[in-house]
Amino acid sequence: MPSTSDRPREACGIFGIYGNPEAVRMTYFGLYALQHRGQESAGIAVVAEKGIRVHKGMGLVSEAFTHHNLNDLKGNMAVGHVRYSTTGDSNLTNAQPFVINHRGRSYAVAHNGNLVNAYELRSDLEKKGAIFQSTMDSEILLHLLVRNLKNGIEEGIQKSVAKLKGAFSMILLTEDSIIGIKDPNGFRPLCIGKLDGHYVLASESCALDLVEASYVRAVDPGEIVIINEKGLKSITGPDMPRTSLCIFEFIYFARPDSNIHGLNVYQMRKAHGKCLAEESAVEADLVMPFPDSGNYSAIGFAEASGIPLEMGMIRNHYVGRTFIQPTQTMREFGVRVKLNPVRSLLKDKRIIIVEDSIIRGTTVKTRVRALRELGIKEVHMRVSCPPHRFPCHYGIDFSLKGELIAASKSVEEIRTFLGLDTLHYLSLEGLLRGTQIKNPQDHFCKACFDGKYPVSFDENVCKKECFERS
Amino acid sequence: MPSTSDRPREACGIFGIYGNPEAVRMTYFGLYALQHRGQESAGIAVVAEKGIRVHKGMGLVSEAFTHHNLNDLKGNMAVGHVRYSTTGDSNLTNAQPFVINHRGRSYAVAHNGNLVNAYELRSDLEKKGAIFQSTMDSEILLHLLVRNLKNGIEEGIQKSVAKLKGAFSMILLTEDSIIGIKDPNGFRPLCIGKLDGHYVLASESCALDLVEASYVRAVDPGEIVIINEKGLKSITGPDMPRTSLCIFEFIYFARPDSNIHGLNVYQMRKAHGKCLAEESAVEADLVMPFPDSGNYSAIGFAEASGIPLEMGMIRNHYVGRTFIQPTQTMREFGVRVKLNPVRSLLKDKRIIIVEDSIIRGTTVKTRVRALRELGIKEVHMRVSCPPHRFPCHYGIDFSLKGELIAASKSVEEIRTFLGLDTLHYLSLEGLLRGTQIKNPQDHFCKACFDGKYPVSFDENVCKKECFERS
Amino acid sequence: MPSTSDRPREACGIFGIYGNPEAVRMTYFGLYALQHRGQESAGIAVVAEKGIRVHKGMGLVSEAFTHHNLNDLKGNMAVGHVRYSTTGDSNLTNAQPFVINHRGRSYAVAHNGNLVNAYELRSDLEKKGAIFQSTMDSEILLHLLVRNLKNGIEEGIQKSVAKLKGAFSMILLTEDSIIGIKDPNGFRPLCIGKLDGHYVLASESCALDLVEASYVRAVDPGEIVIINEKGLKSITGPDMPRTSLCIFEFIYFARPDSNIHGLNVYQMRKAHGKCLAEESAVEADLVMPFPDSGNYSAIGFAEASGIPLEMGMIRNHYVGRTFIQPTQTMREFGVRVKLNPVRSLLKDKRIIIVEDSIIRGTTVKTRVRALRELGIKEVHMRVSCPPHRFPCHYGIDFSLKGELIAASKSVEEIRTFLGLDTLHYLSLEGLLRGTQIKNPQDHFCKACFDGKYPVSFDENVCKKECFERS
Amino acid sequence: MPSTSDRPREACGIFGIYGNPEAVRMTYFGLYALQHRGQESAGIAVVAEKGIRVHKGMGLVSEAFTHHNLNDLKGNMAVGHVRYSTTGDSNLTNAQPFVINHRGRSYAVAHNGNLVNAYELRSDLEKKGAIFQSTMDSEILLHLLVRNLKNGIEEGIQKSVAKLKGAFSMILLTEDSIIGIKDPNGFRPLCIGKLDGHYVLASESCALDLVEASYVRAVDPGEIVIINEKGLKSITGPDMPRTSLCIFEFIYFARPDSNIHGLNVYQMRKAHGKCLAEESAVEADLVMPFPDSGNYSAIGFAEASGIPLEMGMIRNHYVGRTFIQPTQTMREFGVRVKLNPVRSLLKDKRIIIVEDSIIRGTTVKTRVRALRELGIKEVHMRVSCPPHRFPCHYGIDFSLKGELIAASKSVEEIRTFLGLDTLHYLSLEGLLRGTQIKNPQDHFCKACFDGKYPVSFDENVCKKECFERS
């Protein structure tokens, strides 16, 4: 399982399907394909005979659901969710989809993203008598929704969504419809597919591929799509001069076989590798990624630079999430148990490592040190994005603990810290150029690199702290 | 495990402890002792550093909690809950304690009993914008509570409780207090104990025994006891001419080693056995219970009648809740695997079986038939309570499926159905006399026998149906 | 689960069935009924299409076998085994049935008892090149068997069995027969039943009851019964003037609903209670057993003495084998969690406790102390067998660790140690008289009481030590 | 987990360590690194205070061992084993290490390889009275060993090993030594490392890397190395003109970061890719492997041909061994759930797939078909070894069920079956040339390609059939 505590974490993946007799099973597979977006809990809600029923469980989709669980959930409309705990709290309270009952009707919501005005909204609701069981933004939406249902669900959603600020791609399940919602900036991905004449919603297109749905299009920023027996109805949002699709989805999060908003992730990573080679060539014997970090940028870098590509470190395919640790100190055991260098390949060589990102730098540091001990002549590193200097407020946790190394250190200081011969990051220009679209500066959020946050927020309200306390 | 689907089910057992450094572990043991009151889920909430934290799990206490779970919950005030699912829905949504956050404070509640005005209260709250996640009465209390906190928790509780109708023994946990609440009729047990100078609350005194707390007294009907750093403060409720302690707790539910409202369960059962012998003697060779059904009444019956007591059926101590069933039809396998008659003891004998209650009668029927096949001469049955003719609306499910046999059949018809030579039930007078207190008719709810419900309710509002639907 | 480390342990229970299309499932149920004879591992061997196949697992029968395991074993001849580990080694190496292959044929054996010449036999075999994988006596039998097969299985068994000394009731499974073997002294029980025209073998008759087989008769001491398509063939053993059925099976081990060699266990226990009352009456207010220790003797004692029977301590039915222990010292927690006294029943009373046996006395001591603290006036104990002064070499472990208290202490010293007002053991004469058969001294092994071992052994060869070492 | 039922299976990986206070834990990690050699069971034997103790479990190393299991095994000499079941029988009987007791001493053995005279040896032993509990070759060695111990262990091993014919790399554990044994042809790998001054043995050098042992050398064909307190003693075997190291270890089995007999696996695979490009160039837009099949050969092929390398199919990192299957037929779901093509990358392209081997061809066929559906222009396949035409008798199961496709089909027929535009296999000459050593034909077994078996065997004795029967 390719996870290190020293890697960024996405909050969630979501999936919804309408009018399919195997809706629950399809959602299970959809979540399977989106597992990389969240591995701590999984849940599926379905419209059953007597309202919405839900099952949630801890761990991977394959752990959270048994045959029995799936068979218990019967219906042809379902929504599913996988998530990371961003709070470190390993219980089910915060697992999604979040389901409520109100006046004889049930509602479920699955959410990807982060509201920046959650604290204000919640305080206001509490003053009106609302009680909260979780720290999830989704719960806020449902409170707003039931207070705006007077003129029907459509108006209810529009009025409620209008109050939300921040990043939200969500799927709402009512007893007769599935509703996809994307914030006006369009931070997080959400796309529409079609299977056997009915609509499907998913965070990434790879989930459509697995259930054999065809790709229709992305949900637009600010759009609300209501899917029910009448088909798909689109309510467009405010006209935005600029949108803010998270560029880090392409660099790191999304699966390379996914298309996001029409752009293929694999090819963009490779393009970034090429840009990187053009910006910062160096003489070397081979180019290599750390497995599953910079694979595709490394291919692009090698192709552009003409330096041979090698897979110089081998991953142990059988490292699960749990294994017994050494009792005595074994140097960098956690690193070595996952990756072992091909010693005879690397010895006495000058190597370039292409990385996708450096967050805290601790894992990279130990990996570089392990390589140095083999007698490698030169170790150069090229990173396929600019330095991460600013936290994300729209749904990504760059680091559970500790700091972004680039927030306090210069590139030269980082190079020294990591023990490298040379270190270069892709420039912001290179990053945008690599997207290969027109006016890329108008279409992406790159706040983690330049600190320009597309949706403003009150810095004094440290949302998470407040909620975790309460 | 002594459970058959054909036996009555109590909704819950509750436990709370204040000011104990091992509060969570003590609650774990308290629930252990109360396990007979609910076996489908268990939960413990504790006041931790940053507000109330909770862990809930399915199954027995020993299954729902690992070492890790217990160690995760740190604090010196805790409340716990064990429950049956009365809805047949085996997920965690309805497990308790129920925890919420409101304006930066957290609250938890554990509830035993059943409100008869839940539907009205809930509808009213929903009209005001409240959303519900469960079908639990506890959630209603918390909604009421946060709307009445203006002048502090004490007034808040009193105002909220005043709106509730029905049976409720509950423990509320705030961030600084543990509050015991009993409805004015006092349907369900709740008692106060003391351990190391601090107070403990528990459904039955057997839980106090296990944690080595001394018994102080029962919570009075209508009383609210607030336990915090100032000690215990009692707020007495309305003065009631009659109270309604559930007499079936003594007949069936409570552990024989418990005292409830000062009355010992074991001795009351034995007294009922004696009354039964006085009312309906018959010549026979031996008296026996079905193991763990009528043990103590049988002892009383044998003593009063002078007929020898035997344990004519032997329980397999190793029958767990799961074992593999026969593929082909084996006659009454489910009965035989649990209980095997001592053939040479029973053959050619006239036997009296003392039972604690007959609900649907199906299990009794198969057990009697199994005995008949051994060549027993006469089988008489004596039941240590009157026939169950009316459903309980205050927290007991007599039967998950199907009817109370006595609701539609006369005693003679039941005798024929069960294949008995004679059948006698204890009279209502005998039942009350067996309690050995003055004016027993003023102190017990016996609605399941005589249909006189101490707290009225709207028959048209079939509460459970509504909630399960929504 | 009624097990304390301070209780005697039987080695095994065995079951075999011939010619039944559900042979494996029947064996599963047979072991279920024999679970009290061994709870550490369980195994079933079946004659499958390509020879004997086996599944063994740790723990109770219900834990050791899944549906899948049972369905994997297909055939209509099977033998099963439950066992305690007498070595404390919790792995599967010593689980039974023990299966081998030899010259294209497979054999399985399930064994109850203990050989006293195992060391000599094994050493001799090792000198001839045999290798051993376990410390089981069963492995020795199989080594002997394959060396004696020249003239067929029948002669092979007779020649092999002739070399064994000690206690052995065993079932051998070949590819076409099931063979029951009992040692000439007949220490351990083994009986024959019949189901649908085919034969069944079982340690106790309660296993026949569960699978609905009728009881035919006990296997005689020294008898070999060969069951195959020709029916049942009996080969009688040497004519023994005296046999040695283990009397402790009746006192303690066997299920009360079993008949052993034609004698009912329940009724013998009750008879022992009566003899005990006759030998050692005392004035008291009530007679009680510790639950599941002296239940049936207590009934007999109460009946003979006229003193009322009570169940003064209540067992928690939900105490499983695993639960989380208190962190801080809670006095006698292990005792209290299982049994809680009915305080109001016992306070200020003079009580007689009827026990089935006292081995080390530690549990009894803590239980008595717990009673004393409740304010009981007098505590008398009556034990339904004589003091255990000698170890068993024929298949019972009286104590995993430490000594038999009666080996080094007088009755008066034991009384003081246990904190009792009076203590009486049943006399050896009373024990024999209670069996209600003629010349009982010629039919039972009572070596643990009088040290007269019916089969001699070399004291210097401490068999278990040797094997465990090697 | 990269396993398909349609892939070859190695029998085993072995590891042994002497004189290390953490011997058991080091063995656990050694097996972790060797997990690719066997995933069905794992075991570790250790010399404990009272002889050799062992724990074995089903599944991966991380599943077979708990903390508790490891802590239970105490000692500083250990041997471990991971294996595939080659019989399809999923129980522990055949798990290794195999441990026996003989005349007060214990022995354990872990074995990789396959004897071709097992049937003869076993029959002969059985005639002499030996009984067998497993179908393992290891059991045969131990029977031979105890019959040859008269003049000590060294002579015993030499005499026993002299009788074995076939492939065997094994580690024998006695109470004072660890002994590495390799057959005279040297089929299976086994190497010597050193850690803290003491010796280690392992199937592959990657296991040495993980425990931080330095690589010393390979065990030579026919060599016996005895490691004990005197250090390492080597007994050389017969002088062989030719040896027979399994070339398929390099092509497929061994980890690329391992060196085997001084040759690096990664570099040999890359060299084979280059030879393949030289032998069978074709014009195309890109070269790609199926992930984890032909990765390193594809790199070599791309480098030699100048055609760009791409990773055109993306592996779902979270596919575990168990997940719930679709109920209705979803086309090639099993393939798609593991690998998803990058559609926009491959559409309209001419692609070359480099594969490491084709056994039955069924998985390749479905993968090619899935690619064809995306609109790929041309699909060419290049295989980095010659066609597999002959079964292996020395320890590899090419296919659990069914036939080697190349045994009955010509290359052209295979091409048609797989739906390819062109198909080329590496020639035997290319294969040998790619090893980059002198006279490669004298050093490798390549019987699966050319049918020239270095150690002869009696075709009529279908060993496995016989043993599985018995």
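A few points about this structure:
Note that the chains are named A, B, C and D in the order they appear, and that numbering of residues resets to 1 at the start of each chain.
Operating definition for what follows: a residue touches a chain if its C-beta (ideal position, glycine included) is under 8 Å from a C-beta of that chain, and two chains touch if they have at least 3 such contacts.
Since the structure is predicted, the reported quantities are computational estimates derived from the model, not experimental observations.
With steps allowed only between chains in touch, the distance from chain B over to chain D comes to 2.
The pair with more inter-chain C-beta contacts, choosing from B-C and A-B, is B-C. Taking each chain's centre as the average of its CA atoms, chain A and chain C sit 61 Å apart. Rounded to whole angstrom, the centroid-to-centroid distance between chain B and chain C, based on C-alpha atoms, equals 38 Å. Chain A and chain B have Cα centroids separated by 48 Å. Multi-chain contact residues of chain C (touching two or more other chains): none found.
The touch graph of these protein chains is a ring, one cycle where each chain has exactly two neighbours. Those residues of chain C lying in contact with chain B across their complex are 1-2, 22, 25, 28-29, 32-33, 35-36, 39, 60-62, 65-67, 70, 206, 209-212, 255-257, 259, 264, 266-267, 292, 295-296, 299, 302-303, 308-311, 313-314, 316-320, 322-324, 326-328, 330-331, 336-337, 340-345.
Those residues of chain B that touch chain A in the complex are listed here as 50-51, 54-55, 91-93, 99-106, 123, 126-133, 142-143, 146-147, 466-470.
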